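Chain nomenclature is as follows: A, B, C and D, assigned in order of appearance, with residue numbering initiated at 1 for each chain independently.
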Amino acid sequence: FPQLKKNIIAPFDRRYRRWQIFLVLLVAYSAWASPFMLAFEKVATTNAIIIIDLVVDGFFTIDIVFTFFVAYLDESTYLLVDEHKKIASRYLMTPGFALDVASTLPFQLMYIISGKNINRTVFGMLSLLRLWRLRRVSEMFARLEKDIRFSYFWTRSVKLIVVMLFVLHSTACLHYWMAYHDQLSKKTWLGDLVPNFKEQSIWLGYIYAIYFSISTLTTVGYGDLHAENTSEKIFGIFIMLFNIGFTSYIIGNITNLIVHEATRTSVMRDNSNEVSRYARKNRLPTILRAQMMQHVQLKLKTVELQQEEMLANLPKAIRLNITRHLFQQTVESAYLFKGVSEKFKTHLVDEMQAEYFPSKVNIIQQMEIPADFYIVVTGELEVLTNEDGIEKLWSNLHPADMAGEIGVIFNIPQPFTVRSKSICQVVRIGNSHFSQTVELHIEEGKMILSNFLQFL
Amino acid sequence: FPQLKKNIIAPFDRRYRRWQIFLVLLVAYSAWASPFMLAFEKVATTNAIIIIDLVVDGFFTIDIVFTFFVAYLDESTYLLVDEHKKIASRYLMTPGFALDVASTLPFQLMYIISGKNINRTVFGMLSLLRLWRLRRVSEMFARLEKDIRFSYFWTRSVKLIVVMLFVLHSTACLHYWMAYHDQLSKKTWLGDLVPNFKEQSIWLGYIYAIYFSISTLTTVGYGDLHAENTSEKIFGIFIMLFNIGFTSYIIGNITNLIVHEATRTSVMRDNSNEVSRYARKNRLPTILRAQMMQHVQLKLKTVELQQEEMLANLPKAIRLNITRHLFQQTVESAYLFKGVSEKFKTHLVDEMQAEYFPSKVNIIQQMEIPADFYIVVTGELEVLTNEDGIEKLWSNLHPADMAGEIGVIFNIPQPFTVRSKSICQVVRIGNSHFSQTVELHIEEGKMILSNFLQFL
Amino acid sequence: FPQLKKNIIAPFDRRYRRWQIFLVLLVAYSAWASPFMLAFEKVATTNAIIIIDLVVDGFFTIDIVFTFFVAYLDESTYLLVDEHKKIASRYLMTPGFALDVASTLPFQLMYIISGKNINRTVFGMLSLLRLWRLRRVSEMFARLEKDIRFSYFWTRSVKLIVVMLFVLHSTACLHYWMAYHDQLSKKTWLGDLVPNFKEQSIWLGYIYAIYFSISTLTTVGYGDLHAENTSEKIFGIFIMLFNIGFTSYIIGNITNLIVHEATRTSVMRDNSNEVSRYARKNRLPTILRAQMMQHVQLKLKTVELQQEEMLANLPKAIRLNITRHLFQQTVESAYLFKGVSEKFKTHLVDEMQAEYFPSKVNIIQQMEIPADFYIVVTGELEVLTNEDGIEKLWSNLHPADMAGEIGVIFNIPQPFTVRSKSICQVVRIGNSHFSQTVELHIEEGKMILSNFLQFL
Amino acid sequence: FPQLKKNIIAPFDRRYRRWQIFLVLLVAYSAWASPFMLAFEKVATTNAIIIIDLVVDGFFTIDIVFTFFVAYLDESTYLLVDEHKKIASRYLMTPGFALDVASTLPFQLMYIISGKNINRTVFGMLSLLRLWRLRRVSEMFARLEKDIRFSYFWTRSVKLIVVMLFVLHSTACLHYWMAYHDQLSKKTWLGDLVPNFKEQSIWLGYIYAIYFSISTLTTVGYGDLHAENTSEKIFGIFIMLFNIGFTSYIIGNITNLIVHEATRTSVMRDNSNEVSRYARKNRLPTILRAQMMQHVQLKLKTVELQQEEMLANLPKAIRLNITRHLFQQTVESAYLFKGVSEKFKTHLVDEMQAEYFPSKVNIIQQMEIPADFYIVVTGELEVLTNEDGIEKLWSNLHPADMAGEIGVIFNIPQPFTVRSKSICQVVRIGNSHFSQTVELHIEEGKMILSNFLQFL
């Protein structure tokens, strides 16, 4: 990590991250408390709540101060800016600063200090400013969604649930507030069913309000609770307008997740189906058909081990480092490259490719024009000759053994058939790349030939 | 299949698979019985039910024992592990073992043996542990979804229906349980409508409960049945919260299936539209337009027979086997390759390609630079010459006849136009690949020339 | 079209198609009548209805006879089969034949003939067999969806509406049937609201039934009508189970259509955005930025005229025909190719490409290495020289004029800048393809040179 | 912009665009007023409303006149047509003209002039013709969706909200109209709840109507308001039929937006996951793994700066202008190309590519075969030698310095390792393209060599 100026915190500093997570927990409290305190005034004016509120506000005040000491990432150069002046001016210029301050003022306390003369509802409404803090939750989820350590599915699902609970809670509190402040509280959604609800416990009112909200949100609408007077009907109109969007949002999100999850299975199925249809329509022999299916399934299982495309997108320098790491040892273990210079091996390795074969597949066909030769990495192969249609086992190949090199070196049709005995991984070296490399390094070419003759 | 140690069963053993399917049927019983027995105590304590439960538990006990003798697939090497010790330690380490045992204990019997002194509900709740067995259903569907012998559409649909029925059944049982155990059973969702429901048949109670559950789940919410007391309202809140997710899950799944099904039609339509628009905008003559449309439609019909891309992804060894199987016979039947060595034919076949033409298409144009020649596989072609704008029929080509070879062998512009008479399949041999092969095998080149001269 | 045997009709024969469409109209009647007659017995037994039913059944009987004379398409060879014996055996083997016959028996008449002794409901249920005819509607929609003369969006939408209306109608009829046949018809969904509904008009009953069905289907569930007795509740459970699937099906389909429609706009926007972001981030000069945006927009407008990919997928023979049709005239009008042989032009045309340029774009840059030259098809270009940074207009190019040929012929850096004055279409001829063609035809090369010198 | 004939306005003229936007505002008024005036007759006949209507109609009359002077874009040539006669005949031929005129006739006034003798409802219905003006809103949204200055998400969302509000408003007005014109107004949806609604304020009636409409549209269906008589039930059936489509339309649109938004995040996650899995499975060393992850993240951040594919789709002329703009200065600042001719530099620049590297990545590996060399644009690199496994810092490279040119010029293995110290941008010049360019310009090749020797 780059060195920052004194007293400046990096935004990805571990301790700062933890502080942010702690603040998100406080936000959760604020999000729950702000609407609740508005609806249930009795609770809002207890001493315990007022003290908790003050403490929470204190922590957010500390965070406002902190923000002046946190470096930020410049969007055009991708570099961290750690100059005090720039950080301060950037923070002060955004509307975020004003809102941060406004959402930290202790309205509850001001109300009590003011001698409770002013309308309480005004202060209740002002404390809804605390909901500005919710942007921290939204930022946290945006960050989590991009973090591959967390499952995308669960991050999105938790986000949806959190949003839904908050919407429910807020709507319920507003519903209760409306019923409570109605002048003729008999003709309200709650008063109609529970005439003496004001004397009843807060718990009962809250449950009924949540039940009413969710039966509207889910569009169940039993009808046992429903808007009674005009102002409730107007509120209901807005709630339902909002719900149609919100329900669609939930359905859309879940559809997106399901489509995303299902894509992998469908790609796999489509591949298998294609192979199977092709084999059936062309009436390929059963053994060939089985080999094709095995290959498709193996490829799906080993998909993490190949990924040519992903490798092709990496810069050449990184790509070479990877192939060197993967194949250097294999090349060094092969008898053909004993005593050959580092330079030669490095060059050879650059275009090697790993391949997987299921069992019982002919990797090399007798009499085929040599295009590649192989070094065995794992598994076992068998070398066969076909004389007058009768297959004869010549030898077995084990890790570090080579296959097909005779054809390539003498440039003659392959003298043997090579077949996998079990699932196996081999490294493929292309004929043309091999020739090119040998041409560039005549000396090592001779050494390879001598290695080969010795082996024979 | 690989040889396994004695007394070890392969996980894909046919008899073991059948045993697993049998267990899934028992799970279906458990899934139905567990919530039902909780809700309808009268039924739960009949002797028949207790005996059935014991038998089912017995089968699952047997399966626990079996699991110690079933090999498993190692996730990093893709090899079967058949060592007793490893299998046992793997099973004992997972939480699955503890849950398997816990879900097999015969709680019903324990309750009776204990003299029915302990609270019955506790045992009812404990027997919900049996729902752990549902993981077998989930695993079965995961397997079926990947199995191309079963339609993806129907597998997913059946899964959705099964999940929905289970959710409905469970919710209904819980609803009934709540109504039944309420102290003042008049003020319940059911008691309100059917005051004497406890004396009524179980059937009536179950129907009403299912009806209530489904009218909530589908968000119809008629309102004839609805939560009456606070605890029912709390339960309703959770049910509705769950429903909003579950309904979205169903919609998302079905959307996914429809999008998937519709993709093929839309690809087809987009292709046709593109061709049609191109022809219209460029004012191509009607005959050319018709040929283009015919080609697009033919290609869609014969899509299983081509699939270059799928073939390109197979390992070279398998690919060569396929082309050899498909084209060897065609090449052998062609007059030009009579007496030519196996090696030559094998080499030639490696880069052949099958192509389909609708009727009335010019496959070769008189005077065109020769790039390919063709062997007819099915259908009929006509050879035409164009002199002073008048077309004259020269000859007809039938399966095993060749077209365009004159141009390729003498490297002169094609002397004839070749046109398909009906839908036909031909094998295409590229000029450059043919030359290369002949260069490698001078002797066979001569033989081909002599074949050709004889034919003339 | 291929010649068929005598007395055999091709399935795509125009008159046969019309007959099929006529039958679909009769099916629409059957689909409406079958459930309606079951529910409203009074109507079902009027003479008019019985006669109409007999006539409709007559037409379907004729179709069964017809089917023995209609050729079919073999699925593996894609050829029409017109042998009487094969057609007959194919039809008789499928379950379709038995169902076709069963759905044509005149149950209504049989009931009357039988002296109305047997239970009427049995016959009503039997006449539901007519719903088998609905497969014709489903087949028709499957065909329409693949037919690019009809909008996919509207075909799918009409299909959804038709399915929905049929579901509504059937459910409504079943609801009415249940209310009517209830022994204690006061405690039914309808009897509860309209006690004397049996004396009321059929119209009122049908409206109420449809209203009940649709308020359940759309999950509105006002509650003014709802299932009253146990059997209605059971029916309601099945209806709602079906609805959850059906609603999801509608939502899924419409989502599919919207996603499909929106894709084009989003591809366009993504392209524009990418260009715009690239230009902004790299601080490209305004004029270059404007050219890039113009190009992207032009490309979207002229998308039907290019479509390289679509052309690449056509067989070579068809592709050559298209390029010849498009460019032959342009080449003939160009001064450079006066008197040049047909063969040469044909060869040259084969790799030509049309390109569009917005106004004020430099098509050729002074001093650039010549890679292509151009023939103007539509629009106007200006030829400029840049001396000491001052641009001087040299000449204007009009359709049939050429640009950049000097650089290509002498293989020198382009002496002029060529810029489009308005939107224009040009044909591009690649340097290397031109050289190759000239090498193959030395004589015409000389003629081209002489044309060129004359022009100078 | 092209010059147009006198008195002809271009459709994209700024003042004309503003006039169009002004008309859309008037359409908003019409869309609100037309259904409202039908339902609430009392309001419709006030003088203020009649005058406003006349003024609005006046503006639309002016627009009809204007349309005869606005050029249009020909769909096949993409050119503006500015001939009076063509413009007029095109407008008069479309049904748009007739509808434009019909929707501008002042029906309200005609009603009053006619002495209010004719049925008022007829005129009310006729004034619904004004809804034809809504096509302007639809056209505006179609234009906005394609305009990249506006967010697609918000444009679509606003469109959905506008459509929904209009549907709600219209349905509400029709509901009220039905209740008001019912002969026995007690048995209506509204009269049932508010018997004296005709004497109540318009505001109350409108709120109840909206509330009823939205509780149907969102499928909440509390049941406190519901269709009472047969005609209301029929209307309800159509409303619900429409709603099922409309709700699906909203869900489909929002799903589309969410899927579109989520795609970017998922592509990013998939890339990261793939890299991470590959590294883990192949057990790559931690440092290599970190480099790979850094690269993937850097690539995502700098995605706007690369975009090879987008560049590849631009015509060659524009592409060259861009590369020249981007790299000319970099090449001029490099010591190797001092004094080299403009022509040479232009040629060299044509195939240059910008690349980004995260910190601590080996850009060139000691001993590797030289394939490219680099000019530093931003950031810092370090040059290292590795002797006996110990790395020694040779020098630091800053912007305008070059790396790897020694290997390329002498065609020897790279003598140094070059590693990025911080995030850096370099320009890559391919070995082969460089050699080709030098071959074409022997003189400048010598100059480059002399520059190089001087540097040493």
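The rule we apply is simple: a contact is a pair of C-beta atoms (placed from the backbone, for glycine too) under 8 Å apart; a residue touches a chain by one contact, two chains touch by 3 or more.
Worth saying up front: this structure is predicted, and the values here are computed from it rather than measured.
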| item | value |
| --- | --- |
| Centroid comparison with subunit D (C-alpha atoms), farthest chain | B |
| Residue-number overlap at the subunit A/subunit B interface, same or different (half cut) | different |
| Chain pair repeating A-D, as identified from A-C, B-D or C-D when over half of the contact pairs by residue number coincide | C-D |
| Mean-CA-position distance for subunit D and subunit B (Å) | 37 |
| Centre-of-Cα separation between subunit B and subunit A, whole angstrom | 26 |
| Averaged-CA centre spacing for the pair subunit C and subunit B, given as whole angstrom | 26 |
| Interface hub residues of subunit C, defined as touching at least two other chains | 219-223, 247, 251, 253, 255-256, 259, 281 |
| Touching residues (chain side subunit B, partner subunit D) in the complex | 76, 219, 221-223, 251, 255, 281 |
| Contact set on subunit C toward subunit B in their complex | 2, 77-79, 145-146, 148, 152, 216, 219-223, 226-227, 230, 233-234, 236-237, 240-241, 243-245, 247-249, 251-253, 255-256, 259-260, 304-305, 307, 310-311, 313-318, 320-322, 325-326, 342-343, 346-347, 440 |
| Subunit D residues within the subunit A interface of the complex | 160, 164, 204, 207-208, 210-211, 214-215, 217-224, 247, 250-251, 253-259, 262, 265-266, 268-269, 271-278, 281-282, 284-285, 288, 291-292, 295, 298-299, 301-302, 355, 357, 361-365, 367-369, 371-372, 378, 413, 422-423 |
